[in-house]
Amino acid sequence: MAADEKASLFELRRAQPAFRGLEAGHLACQGCGQALGARLVTEAAGPDVIVANATGCLEVFTTAWPRTAWRVPWIHSLFENAPAIASGIEAALKAQGRLTKVVAMGGDGGTFDIGLQALSGMLERNHNVLYVCFDNEAYMNTGIQRSSSTPHAAMTTTSPAGKARMGKRHLKKDLLSIIAAHHIPYAATASVAYPSDLRKKVRRGLEIEGAAFLLVHSPCPLGWGHDGALTVEVARLAVETGVFPMLEMERGDVVAVMQIRNVRPVTDYLKLQDRFSHLFDESPEARVELEHLQALADHHIEVYGLRGTSPDPRDSEGADTVRRGGLRWG
Amino acid sequence: MEQTLTARALHPVRLTEIRIHGRGGQGNVVAAYILAQAAFEQGRFAQAFPSFGPERRGAPVSSYVRLADRAIQRHCQVRNPDFLIIQSQGLLHVAGLTAGLKPQGGILINSARDLPELEAEAADALESRNVIVLGADALATGILGKPLPNTALLAAFLALTELLPLNALEKALARRFKGETLERNLALVRAAACEVPAGLWREVAHA
Amino acid sequence: MLEALEGSAAIAKAVALCRPQVLSAYPITPQTHIVENLASLVADGQLRAEMVSVESEFSAASVVLGAAACGSRAYTASSAQGILLMTEVLYNVAGLRVPVVLTCANRAISAPVSAWNDQQDSMSVRDAGWIQLYCASNQEAVDTTIQAFRIAERCELPVMVCVDGYILTHTLEPIDIPTQEQVDAFLPPYRFSRMLDPLRPISIGNLVTPEYYAEARYAHHQALLRAKDEIEAADRDWAKVCGRRSGGLLSVEGPDDARIGILTIGSVLGTLADAREEYPDPPAKLLKLRSMRPFPADAIRHACRGLSDLVVLERALSMGSGGIIGAEVRSALFGEPNPPRVHNFAAGLGGRDMPLEIYPRLLKAAEAPEPTRFAIMDVELQKLPETER
Amino acid sequence: MGLKTPSDALVTLTRGAFAHAGSSLGLKTGDWRVTRPVHVHRASPCHNACPAGENPQAYLALVEEDPRAAWSKLVSANPLPAVTGRVCHHPCESECNRGRFDEPVAIHAIERFLGDQAIEHGWDYPAAKPPPDALEVAVVGAGPAGLSAAYHLSRRGYLVTLFEARSEPGGLLRSAIPAYRLPRSVVEREIERLLSVGIRLEPNRRLGRDMILADLEKSFRAVFLAPGAERGREWSVGGVVPRDLRNGLELLQEWISIGSLPKYERVAIIGGGNTSVDLARVLKFNGVPEVHVISFRTRPGPGVSPDEAMPALAREVKQAIEEGVIIDDCRGVTRLILRGEQVVGVELVHMKKLPQPDGTRKPVAFEGTETVLRVDHVIPAIGEEVEPFGMEAVLGANRFFAVDAEGQVQGCRGIFAGGDARLGGGTVSDAVGDGRRAAEAIDRYIRGVALAAKAAPPSIGIGELNLNYFDHAPRAEIRFLAPEERNAEAEIEAPLGAGEVARESERCFSCGECMTCDNCWTLCPDNAVLKTMETASDGSHYVFDYDYCKGCGLCARECPVGFIAMVDEP
């Protein structure tokens, strides 16, 4: 590439038609779902936003000193206190009369497990903060250890498959129900496979006065064992199989869902990922776990009424339809 | 509070230090551990450790091996390796890749290209170095079905330096793999070993 | 038998050989490979134990406290931020005199965040009332872990086995793994005198009024001081079984007539041992401090007799004061007839490499006209703006 | 917050180790790559399938925003869209990838819409008048091939003299395609506008009668022969021919020009092409009670391969059946039943064209399936050949011109041929394509430049598209006059409205060509795809920043149109 083009690339980067939340040069693995999710969320929220980030992959791969990929003011303290840090920021902004938005971010470890207490406190006090959890379903920064968000029967280094175990024994913690019990104004789930839906929910969470929570399903190629190029495809299949229900809640009640137009069998989703490879070795135990995961997905579909009745532009196959022309429809 | 550390002959331990370069997810640490295991199988003393820090898939990483004639007590970084093994030729343009390599140090590179091409492309890293190129990806794909270059590179390295006999490497592999995978890896070891001039780096290794 | 193993894998095997019944852990670099290896031993049915994957280190320490109090041998491991998060529980486990073994894979403390090695974490909780033993190699880590269970259960005091993160935990080297028979011969089954048992119900963790609190502290302090003998005995008895010593509280190596001594702790000892062979003069003694708590003051006094200069090298510091081990060594030597001059240095903070060349620099410092009260010897001031130097 | 990019030189530690926003740019993660994404222009199936060489993907991309720009893109290949939009067999639609998703895009209707808009609004052709001193080229025959050649030659700056034997240009467009398929006004106005680009028309000038080929060769730098195939091929059944035998094409041309037809009761038309079907429908419109079309080929329909099917357009055959024409497909005539010289019937037999051991394909009659069909007239419409008059020297004994890859008549430097007169020619769009290719060849010939043989790149199949990003949508409904309302004059197929055209163009998958959907820009985890508001060097609106791209391949995987490919690091 000619030098002048490089210079123009540099100017071009500064003249992007929309705010870009995360700058290039961060150290995420190739095809990282969380890097994609964080960029989309920050763009929908920014630039007038302050981010409080819990320890985790996102924090590590964006801020190796002396550099940071964040384009917005950003603070990391510890693993278990991001919601409390955000509460402090929100209180200060309120005291100063500033209208800047506050977004707290964490991985599933930092949200489902070590930071749950601080999160509950923030929600109970109804701070005007949007908490975004990027759920890659295990402790990825420390090398893929099990978290309470790891799906049942998934293999991690601390819930390995062996003669006496078939991956994680327990079920994925139903964090949404715990969030619902706090009766906060807005809570939702979203996915990196549906960027427009994700952006809409971020804006919705920020517009609403009071606490809001967003769970973003973000595949981890390394931890889930798939090629970096498949990240969006895997995320999409999680939605289309009912494994990851797309919901919106207000005051604890489900008010809207993304309908699945053609429900697909869970194996379509599982077979792309090495963390479930032990379920495909034809053994009886493997068969039981496959049926169990299918039952869990079917249960989601029944409980949340996910099966679409007729094609709808907002359902699982219409929501990401592209249109010709720039600035992808919001 | 008696003397506890066994008395040591007072000549400093003679070490051969190797630095292996690769990308996150390319089995870079495994390569170091296997080479150390091979030395152990041969009754020699060895130490192997990764570059400490978070490894990201695709990111350039390095790992280190020390071989010695008696127990290695030190626990510090390798600064002036005797040899480099470079698992991905794309790394040649990463700044300082060959920094610290001893003047006589040999560089074994996994690449499909021939030496002149590589030297032209990465002059500062390779000029006035003795470099051997091995098409490990192709070899591995042919035998393992996947371009995993580490086993082939280790076999070629041992053939070049004769630091350890090939069957030491085979015993080390047997600890890690079994069945079909082991057989293919052993075949790959034999194939890769005869791709390079045997003993070319003997003197350097045993200097 | 001798195996080429990564430090963490060796430690996990040692723990398994001690027949723990409850393992609890929360992942944190660089401790993760230990708990991962234990998890696969459990998953493959080679270790019948309950593996409790908790939601934070605070709970990891709490789970092993509960398990040990209830009659099961329990083990956990952590690093840096995890150690600080469980500090409240660490004081509690010790105060309740419950025998638990914890591996601390030493790592620097945030902020700023660092995933690399130094000993600020275990040093920060040295007053929590735990026994703290530091390992100079992965072989010592295996032997010390096995000894730790016996020490803890005889003294009814928890033991923290400190192993340098990455430098030891992630390094593969030949390590002798004892057999189950050797460990069973050395380590009897777990017994806790004040076990929670409906047949002999007792309450643990009572509120203590001012009338008795001081006595509780005194007893705990005395127990720690008496533990010195138990630490030496464990090392001797284990050597009878496997033929190796780990250095008890403190061990000394080097020519008797050496006038210079270097006292340090952890994996740097191996590097200095190799360095002594490359830089034979002036001759120097290596004083390997293994037990940080209880602090072996008299052993240090004895080892320093005849020395003109003692260099204390450590991998942590008490900000606003200086060296931690340095201060404690000086206080131990106070009142000695002609004590050596004590030069105190910190180095290797946040994972900075400590190469062989550090040894000659220490010797040169020992011969300086004025002893260095305290300095971070490998700091590079040009990396700081003027105002911060 | 300024964009700080600390160089890699020594960096002083900030208090509390804070970092400046966006300073991650200081670390080039580009060296993580083993493969890299690149833009790859791929031919769309509709482009490769179009005999006239159009690129529907290109003009469908513009039609909603700027119909005029879409039209000029369209006429850069095919100058007669209003005509071909109506009469072409549109292979573009049968190849359209969307056909295997829900329904193909109604490309021909949009092509017709653009042609009609151009005529209505008088949009000028993108062709400057050639200078008076430009080199001169002669074109013989003002049918679709000749018109197209003249147009493309004129665009390339040649002064074209277009000789037409008849009094008016258009060839078969005017003489042999009935108005209900191709209204007279459309032909006349589109041809008139085409000629206005600076082409000199010389009507009533027949080669051999008013000028001779040798003169043309002398006074023009090159000659393009596009006389069409006007002479009906010899037809008989075992040598037997009825007395009053009339050729199908002549009858149709006579009706179109004079409007009179002989009185028939029951008629059998032999042949499965457009001429045969058009004549049959015209006879039905004129009240002939029973009209048969007999062909050994099969009636076009789903699952019928092109080489087995009747050459007539599938929709025309369907309309003909609706209007009462009887199609006797897979039938051959083995005997004429005469009373004296008058036909009273034909003997039909099941017949199919089958591959022979020597590799050719020949019709085979199946003995034992003979039946008798009572008719009073038999009309052969089995195709035509070149009327050699005036071109004997060049045509030789052939029935069609044999041309080389350049379109030059074998052995005749500077003489080119195309359209129905060329061996293998056949449809209007083929003729338009021949004209364009001939113009390019003539241009190269005059400038002495060799043919740059470049095969069309393979078109991109549906497997290489990411269909998750398209939602099902029905094809625009093409409305026809009800059979009972149809007559020989009123155009049967209704046009699409502007709104329908816009929505239909949105159904185009834009195969192999960027549709600026922003997917790559939106989904790059590394912010290594940069959007350019003005078009970038390769015509798209996105640039890969290889300083930072890690080569994960996500953009290539999620590009709906297969415009991004992953290639090994150079």
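So that you can tell them apart, the chains are marked A, B, C and D in the order they are listed, and the count of residues begins at 1 in each.
Heads up, the rule we're going with is that contacts are C-beta pairs under 8 Å (C-beta built on N, C-alpha and C of every residue); 3 or more make two chains touch, one makes a residue touch a chain.
Nothing here was measured: the structure is a model prediction, and the numbers come from that model.
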Chain closest to the middle [Cα centroid of all protein chains]: A
Dominant chain pairing [most C-beta pairs in contact]: A-D
Chain A and chain B: spacing of chain centres that average the CA atoms, whole Å: 40
Centroid distance [mean C-alpha coordinates] between chain C and chain B, Å: 33
Centre distance in Å when chain B and chain D are each reduced to the mean of their C-alpha atoms: 63
Multi-chain contact residues (two or more partners), chain D: 11, 13, 17, 29, 32, 550-552
Two or more partner chains touched - positions in chain C: 29, 111-112, 115
Shared-contact residues (touching 2 or more other chains) in chain B: 54, 58-59
Overall pattern in which the protein chains touch one another (line/ring/star/complete/other): complete
Contact footprint of chain D on chain C as seen in their complex: 111-112, 382-385, 388
In the complex, chain D residues that touch chain A: 1, 3, 6, 11, 13-14, 17, 19-29, 32, 61, 64, 468-472, 506, 510, 515-519, 521-528, 530-533, 541, 543, 545-548, 550-554, 556-558, 560, 566
For the chain B and chain D complex, residues of the former touching the latter: 23, 58-60, 88, 90-91, 93-95
In the complex, chain A residues that touch chain B: 27-30, 60-61, 141, 221-222, 228
In the complex with chain B, residue positions of chain D that touch it: 8, 29, 31-34, 550-552, 569
